[in-house]
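Listed after this line are the structures, all set down as structure tokens.
The same subunit A turns up in both complexes below, where it pairs with subunit B and then with subunit C.
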Partner chain A sequence: MSIFGLHYKLERSAIGFTLAVIVAASIGGLVEIAPLFTIDETVEPAPDMRVYTPLELAGRNIYIREGCYACHSQMIRTLRDEVERYGPYSLAVESKYDHPMLWGSKRTGPDLARVGSKYSDQWHVAHLINPRDVVVESKMPPYGWLMRNKLELNDLGLHLKAMRKVGVPYSDAQIANAVKDAIGQASPDSDEATGVSERYGEATNVRAFDGLPGTVTEMDAVVAYLQILGRLTDAAHKTPMKAE
Partner chain B sequence: MVTQLTQNERFLGLIILIALGCLGLVMAAAGQHDPIGMHGWLVVVCSIVMIFVLANGYFAPEPSEARLEHYYDDPSKVGIVVAMLWAIFGMFIGDWVAWQLVYPDLTFDAAWSSFGRIRPAHTTGVIFGFGGNALIATSFHVLQRTTRARLPDQLSPWFVLLGYNLFCLIAISGYFMGITQSKEYAEPEWYADIWLVIVWVTYFLIYLRTLARRREPHIYVANWYYMAFILVVAILHIVNNLAMPIAWNQAKSYSAFSGVQDAMTQWWYGHNAVAFFLTAGFLGMMYYYMPKRAGRPIFSYRLSIISFWGITFMYMWAGSHHLHYTALPHWVQTLGMTFSVMLLVPSWASATNALLTLNGAWHKVRDDATLRFMMMAAIFYGLSTFEGSFMAIRAVNSLSHYTDWTVGHVHAGALGWVALITFGSIYAVVPWLWKQPRMYSPKLIEWHFWLAMAGTLIYVFAMWNSGVIQGLMWRTYNESGTLSYSFIDSLVAMHPYYFARAFGGLLFLLGAIIGFYNVLMTIRMAANVETGDEAVIGNPAAAGE
Partner chain C sequence: MSVGERDPYTGHMTTGHEWNGIKELNAPVPKAVLFFLAATFIFALGYWILMPAWPTGVAYTRGLLGIDQRMTVAESVAAATRDRAVWAQKVIDGDYAAVQADVALMRTVRQTGRTLFGDNCAVCHGQQGQGGKGYPAIAKAPWLWGGEPETVAETIRVGINAAHPDTRVSQMMAFGRDNILERPELLKVAAYVHSLSHKSDAPAATLKDGKAVFEANCVACHGDDAKGKRDVGAPDLTDNFWIYGSDLQGIYETIYRGRQGQMPGWENRLSSLERKILTLYLLDLRQTRN
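Moving on, here comes the complex of A and B:
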């Protein structure tokens, strides 16, 4: 019987047709996605990789809330011009703790994968309040309310817990001290500040990111997040560059 | 419309609405310190409004048994009007987004109206609001005609249509408030996602239940596509949205996947949202309305089979072309590229099949703007799939990725294919549904056609130009071997094209508004004459089989 003859039969059965569609459509995804979870080389090892602090995670969530990813990628491709413009190309391990990833698909603004430490905190604050004050030709919208909104702190423990459930290795101490650490990271001379570097490493930025030591604003969180981009691990700087 | 429901169905509908309202109250109370609480209130308000609508005809007598000899088209009628409303909303926001890229201060310093929040409101509004409602409305219409069977009951189609629109409302109001998962085309949070699964399963069951009662032994091609659309979107939606909420009374959740696995899952989803939402469903529309309107059978049954299974099988491999040169393993990129190029075969098979169906009816295409909408849609379908397969080649993608070229490709497909085939189908189906000899004004259809053509061409050419210029500027080196242009240089070069795009979009939006007016006036024409539902008769479009 010809293949069209077979089909002539198949299209007489709703259930048969349904099953055929499900089978035909499942194969591609299974072959391409499932191995990514099992093949070890998919994600490089990076023993120095650290998790986001609660303040940085809160900043990341604001980055998501405001849709920054719609204009900024966080994925430097293995192309020579990208590496020269933005820095070493991105490794898989660098977004290992990113639930979800924010690689982006459109660069209306520049890539941000390695923006951490590129500019000062003051620059970021001025830029977010009104981008055209620092970059005259910019098309970025102003985000003045980040400075006006106090950061919602109470649930940070829940956030870390949920992250742990999906596989990020937060310790019990990190979860228990989430609120304290968020306040501490933005208030350098406070009692809360001491625990931050203990739990997240000496290199952690502890600063009044928004320039106001007294209060923890959404601006603190966003700037803390921007300043850590590309700096959770050194792995990318150690990999020999072989951009095309 | 309520009077068409049996008394049992009215009762069941009431129970569902009360249950939904209570659920909304729980969400509102438990989530009072979280944006999810606002969504609770939204659910409550929607339930109450629907309860009032239902109450209006609740005690009317049982509908007569004779209804079972007729098709049930009320949900399709409402769906089409709602689709046009979403079209205007979504395209208005789209044009606003476009103007924001010309004048960035058009956000008026409010959070809800900033670019990153209204851009997903645009994509969701047009894809799910406009496209989704048009698909649901036409699928019910096509399903009944091609099976010669009435929908299985009067309640579940309403549940699907209204439940789906509740999902759209929750999604878009959420973005304005800052609720989003950030996954492109899958932005709504976990509770909206769960709701959509319930609606979607009901949708597919309507399909199966109607097919089970069909009087045609064969399932017509259009239904293959609608079925693939419903089934595969369900698979994609469930897998890509797996997430861990931080608490059951909070909106925020964390994706189950991270980094490279998340990227691959997301673009497996994203590309196949294109394939099964923006392509398969609309091919279903095309396979019914185009031959009907042209009065000609589908050119080739065998070509239909080849292209259907080619699309269903191969698209699912192609998602990784969104991740060329990234940290995704090379072998996956190569697979994605290979399948994307091969995809051109079934894609062009469909486009060819459509255009050859029109062969012999060219005089109708010349005189009938409705058919012309459909023909141009098939041409743009051919163009954008050719472009897509081309952009999926790694070397080409190195230039096009991250630039406006992608946006140009998107809208060649979205405006040229999705929107045109939808408008064409709506202009065909509205007079049939409301029992009119024709649309209120054929002249306004002409206007709409030319506005849409001008808008699409201006949009797409502007973005092709800006995208290629952008891509080239980013990689241009000067003689001393350093990069010639700063990022800002490339942004400044985009300005005229952004202006042109926003203007083209405005034309397209104007066309849609004219279309909506024309639909409303046709309905008004019908209101003057009493019309019943169309009788179930044997006249499926399956003339080619």
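Moving on, here comes the complex of A and C:
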């Protein structure tokens, strides 16, 4: 067998064999890197794509902290049953500003990619405090402390700055006003609230998510985040679902 | 370099290495391994040609079969819609009474409706429509906005206190928190409202005062007879169905804090067919429950 003959010769030459090992190992790297060459084609254009507000970003961090991703995915696959249950399948652009992405692969609970504005804030609050108060069959653990914990506000600007480092287009004004915007988003009719829609767009939810205007709790942040899931862009709803 | 020699017992060559008189055979790779190796190579080659595979700088090779997962799902959704059209068209075309009268059709509606209800409505209203605190027991409780099929379908479409532009709006003011009523008045009117549906042991004078407060503040929405008004979604206070608790404490809390329950509108999430199926399912559920 000639291929084994080649190997027989190759392993007897130190330099030749080293080069061969490098070539073989770099194939593994290439397979991971090469798909990124087509990233422009993979990530669909979505001019209406919004960034997370500081409050939503804080909620996202709490979502990660509490390990929600271990039981909830955020990725609707291109399968008929998923599309019929959850809505349009997820597009790459929808996770454009997710660092890290939270697609997940395990669904003990349902997928959350399109949960934004599906249920009321009150429902989310009641459900997070004790899931079985609203869904008798639920096996989700309670997260009552979200209501008791005040949200850590001081480092929000730094979080935004870090996100900008990895490509999220936060403006200087957004970074400078991060704390104010987080308070404003959870306190409708306050002075801070007007700046939120100015900097993040009219479509931004400005509500007392936890039902208590004035205090910014971790509950505010998590509910604000859940209510924006799947709603940063309408691109997925515009993608043609018809076969050609 | 050591040179191999032929092993007299097996007929294979040796590698030429020798350790304390032990020589290593250089037996060829088994045929089966070579076969599977070759088979996987050929499979990969075919896959590259037929399926999307190689990046080419700005795009990627699409493959001869032209398979695209997004097209596949679009086709299977379209196929499912075609399969359903046999009965779905009857639901779309028929008015509610006609569909309800069609026993075979209702069997399908019930089946599909249960799934839709479970995915979208059950988290608040309960799997059996039994409701919970803050969420009406829609399988049993009297309608807040009216029980005509068209009215129910409209409520599902626009929601209550929702983001939909045509949403139904129902706000109960926070009579205590917003200092509309003083605490003694709150207590009296709570006692009066409680007495409308319960055997009350409150003094007659309290109930009389409470009634006066009620007439001054509550009748605009709940009606002179306290039986509620459907055009503003104000519930009947004389029956045994309560959204936020029927005891004195619960009633007091509702009057103190006000209520503005929210139901999302479903126009953007569910098709008109799906909303019609849900309406039919819900009406059917109530019929079997009551």
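FYI, the second predicted complex is superposed on the first by the 208 of 244 C-alpha atoms of A that agree within 3 Å, B and C clash if a C-alpha of one lies under 4 Å from a C-alpha of the other, contacts with A are read in each partner's own complex, and residues count from 1 in each chain.
Note that in this section a contact is a pair of C-beta atoms (placed from the backbone, for glycine too) under 8 Å apart; a residue touches a chain by one contact, two chains touch by 3 or more.
Everything numeric here is computed off the predicted structure, so don't read it as measured data.
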Between subunit B and subunit C, the one with more contact residues on subunit A is chain B
Message = So in the superposed three-chain picture, is A:158 touching just subunit B, just subunit C, both, or none of them (first/second/both/neither)?
response = first
First (subunit B), second (subunit C), both or neither touched by A:84
both
Next item on the list: Check whether A:231 is in contact with subunit B, with subunit C, with both or with neither, and answer first, second, both or neither.
Entry: neither
Which holds for A:137: it touches subunit B only (first), subunit C only (second), both, or neither? both
* To do: State whether A:50 touches subunit B only (first), subunit C only (second), both chains, or neither.
  => neither
Item checked: First (subunit B), second (subunit C), both or neither touched by A:4 -> both
- [ ] Go through the superposed model and pick first if A:68 touches only subunit B, second if only subunit C, both, or neither.
- [x] first
| query | Is A:122 touching the first partner subunit B, the second partner subunit C, both, or neither of them? | reply | second
(message) Tell me the contact category for A:38 with respect to subunit B and subunit C: first, second, both or neither.
(response) second
Going through subunit A, the residues touched by subunit B and also by subunit C turn out to be 4, 12, 37, 41, 78-79, 84-85, 89, 135, 137, 244
Subunit A partner, complex, touching residues on subunit B are 100-101, 104-105, 107, 109, 111, 114-117, 119-120, 175, 178-184, 207-208, 211-212, 217-219, 224, 227-228, 231-232, 235, 239, 243-247, 250, 252-266, 268, 301-302, 305, 309, 312-320, 322-329, 332, 335-336, 339, 398, 401-403, 406-407, 474-475, 477, 482-483, 487-488, 491-492
Residue positions on subunit A within touch of subunit C in the complex are 1, 4, 12, 34-35, 37-38, 40-41, 78-80, 83-85, 87, 89, 117-123, 126-127, 133-137, 239-244
Counting only contacts in the complex, subunit C reaches subunit A at residues 1, 28-29, 34, 54-55, 57-60, 69-78, 80, 119-120, 122-124, 126-127, 132-135, 163, 261-264, 269
Subunit A residues touching subunit B in their complex are 4, 7-8, 11-12, 14-15, 17-18, 21-22, 24-29, 31-33, 36-37, 39, 41-43, 61, 64-71, 73, 75, 77-79, 81-82, 84-85, 89-110, 131-132, 135, 137-145, 155, 158-159, 161-163, 165-168, 244
